[in-house]
Amino acid sequence: MVSVTIWNEHRHERERDDVAEVYPDGIHAVIAEFLDEEGHDVRTTTLDEGPEHGLTRDVINDTDVLLWWGHMAHDEVSDEVVDRVQEAILAGMGFVPLHSAHYSKPFKRLMGTSCSLKWREVGERERLWVVEPGHPVAKGLPESFELDREEMYGERFDIPQPDALVFSSWFEGGEVFRSGCAYRRGAGRIFYFRPGHETYPTYYDEMVQQVIKNAVEWAAPEGVVDETFGNVDPIEDI
Amino acid sequence: MVSVTIWNEHRHERERDDVAEVYPDGIHAVIAEFLDEEGHDVRTTTLDEGPEHGLTRDVINDTDVLLWWGHMAHDEVSDEVVDRVQEAILAGMGFVPLHSAHYSKPFKRLMGTSCSLKWREVGERERLWVVEPGHPVAKGLPESFELDREEMYGERFDIPQPDALVFSSWFEGGEVFRSGCAYRRGAGRIFYFRPGHETYPTYYDEMVQQVIKNAVEWAAPEGVVDETFGNVDPIEDI
Amino acid sequence: MVSVTIWNEHRHERERDDVAEVYPDGIHAVIAEFLDEEGHDVRTTTLDEGPEHGLTRDVINDTDVLLWWGHMAHDEVSDEVVDRVQEAILAGMGFVPLHSAHYSKPFKRLMGTSCSLKWREVGERERLWVVEPGHPVAKGLPESFELDREEMYGERFDIPQPDALVFSSWFEGGEVFRSGCAYRRGAGRIFYFRPGHETYPTYYDEMVQQVIKNAVEWAAPEGVVDETFGNVDPIEDI
Amino acid sequence: MVSVTIWNEHRHERERDDVAEVYPDGIHAVIAEFLDEEGHDVRTTTLDEGPEHGLTRDVINDTDVLLWWGHMAHDEVSDEVVDRVQEAILAGMGFVPLHSAHYSKPFKRLMGTSCSLKWREVGERERLWVVEPGHPVAKGLPESFELDREEMYGERFDIPQPDALVFSSWFEGGEVFRSGCAYRRGAGRIFYFRPGHETYPTYYDEMVQQVIKNAVEWAAPEGVVDETFGNVDPIEDI
């Protein structure tokens, strides 16, 4: 059992009918449902739940893995909360930024790069290929799977080279994208997963759900070594 | 529960009194004991168990993680067995080469480099530092631990850069060494762990045992994706 | 000025009219021409130039960067020559395996994996995307370029994760491929570059030529540190 | 010829007699001298050269490689200047943070981690081992070299795993450290180099100078590919 917190911006779903139709209770509700079925301890929070967006110190302290979906309001996330999230990840909390969270404050903070990319919203076909068949996040998947209609993200994706590239995407319109990227930062594990535009039923897709379930299990911390920093005495005679 | 096979050359222990005193039933017996206590399904085999050294097709097929200790008789391992071990690892079997197995046929085959290093056998102090505190193989360890008397291995260690460097060693005589190296090769995971000279009681050390237990759990395959190779038809219209 | 040796199997060109039409003097001749124009010291050798395939000890000793094209006769390359090539690369010689050389003995030896992949020969469009715009092998390229007709290679490509992934390919038929892969092995640098099927005029393409020129410059050794291996005395008092 | 800017905090040298004795004109002056002798176009700037610390837009635009030494006044560096430096690096400018610049704003920004470490100031011996003998930054070095008196930095060093680990340090007091770390971030190359405490004559050391010269050459941009980001039209028919 993993203590999971799903953070969702939850604006598109409340402001646009076409999005509300796909995700009437918000993207977080759909993700929460299939993670809950896995037996995890699942909590959801959203941007507008107070000045800390539901990510209070207590919530973060009680979180093993944090999922993040944001898009139109990245800037409204408080820097204090971003500091807290970054610190928690470096101390071992898992982090699973989804889709447009490539541009979220915490992900950009952890990557140190612009995290820019190409995009196009015409509802084209995406095919995700498994590049590392032995990686835990690929468990239970076929060697490729398709999403019939998705937003396109294309290279150059300005990120540090992932510690492991697990998925690579083909798009109908002619682009490719590193769509499943595993990182270790501090004592924490990060898995960026590309699909999930708000106007498509991506999070109802069984393969996508399998990836997110795997990512949660993989990113959960296990017995982080207690490290000390700062001034130390010699161990050996000098 | 992981199906573990511990392969040991088992020559030093039978040929030299000083080694027999430390490992009367062989290095493999000591390792088997603490892995057995973890609830794993543990089997041991040695070089002189027939032409296949106990690593028959059936044994390999039934192995999740293979540990390997060898030193004076690397060349006597049959190439056919090495082929079999390599194939199994690429298909997902875990592999944990120990100490002088840096020069074993399977490890060299998988690395593609000479795997050469510096060494010295004067029984000096080694201190292993945890470089990646969030890595599963470091679970339950302090930030550093010491082995009072060990053989020295020093850099340059001619290996491909590890996917994760988990331990780095300090030696009394002035050298450093990348002593815990994690790799993904094919669908398999490999963890090279440096300590373990045959004349010292290294495998009785609690920290060393913790690392090996962790490595076994980390290297065990979990749901490898079934990949196909060769000639394929187009998926999209051309 | 780099001392370049281009090794080509040179069988398809002599045995099949359609290939001879595209490369009447062999693939190596076309590559030699544009590398020669760069001011490099270029030599070509082929499989059938004697038992050492033109890769004598003298030739290898005098080579900074070795290019390799092979396909139908990988097995005819002598293991002794492969040993020599591997040793030279580990000692610092650059290595640029092209296209079907993914299955050549030296590349497989250096990777330690099967180097298997998917393939299809229908002459479809390939688009190569630059994934690392600051990498020396991408110098002077646009952000993507197309080859109108090429053989397809698709993932899963069973290789160790590259130290740098420079190009990623999109194929008309629906696949993706890591088509420009940089590795450091021993003191040597390796750049695998995917395009170059024998029935297409790929090596006449200006972009492809630019990549190969860049790869040669990048892979050329510069002042390799002299490392020693084996038994050493302590540096510090023990 | 590389356009080099050496940025130095230049406070210790003006405030403390023991430091002024070693670096009467500042650390930057010593570094400038040996880089100038290489034929580079060298400029120095310091923290107190106005609100932009000498790192105006014009200076940054005219810089191929930026060296950085800072320690006691990291916080006084303006965030606007840090933004500018980060952007320039992502666009291809080289960056060589030295010693206590591990804690500088630009380095922390680019790494995304805390960059914390252990330290001790007793003037002990450090021995740097070359871990990657074929890396350009190791050119011309012996396999190890010593600094008789240096500040100690010890692991855990909280950084992302380097793209290439070039040097690893042994310290008299019992610690190890990843002391030469190469990264690619955006289109830029970064080389962190550990030695250089202000009270020791480290930057007069010939080996240290060789490393810094090499790092400057390696980090200089060469023909960065022009990448576009944002909304794009399909290339292929959808």
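By written order: A, B, C and D. Residues from 1 in each chain.
What we mean here is this: a residue touches a chain if its C-beta (ideal position, glycine included) is under 8 Å from a C-beta of that chain, and two chains touch if they have at least 3 such contacts.
Model, not experiment: these values are computed from the prediction.
Engineer: A-D versus A-B: which interface comes out with more C-beta contact pairs?
Structural biologist: Ranking A-D and A-B by C-beta contacts puts A-D first.
Engineer: Any idea what the CA-fit rotation angle from chain A to chain C is, to the nearest 5 degrees?
Structural biologist: A turn of 180 degrees brings the C-alpha atoms of chain A onto chain C.
Engineer: Suppose each chain is reduced to the average of its Cα coordinates; what separation in Å results between chain A and chain C?
Structural biologist: Computed from C-alpha means, the inter-chain centre distance equals 36 Å.
Engineer: How many angstrom lie between the CA centroids of chain A and chain B, rounded to a whole number?
Structural biologist: 33
Engineer: Residues of chain A that touch two or more other chains: which are they?
Structural biologist: Those would be 127, 130, 132-133, 143, 154, 156, 161, 163-164, 172, 174-175, 184, 186, 227-228, 235-236.
Engineer: Would you tell me which residues of chain B are touching chain A in their complex?
Structural biologist: 92, 127, 130, 132-136, 138-143, 163-164, 172, 184, 186-189, 221-228, 235-236
Engineer: Can you list the residues on chain C that touch chain B in the complex?
Structural biologist: Interface residues on chain C, with respect to chain B: 86, 90, 109-114, 116-120, 122, 124, 152, 154, 156, 158, 160-161, 163, 172-175, 183-186, 227-236, 238.
Engineer: Applying the document's contact rule, which stretches of chain D touch chain B when the two form their complex?
Structural biologist: That would be residues 127, 129-133, 143, 154-157, 161, 164-165, 168-171, 174-176, 178 of chain D.
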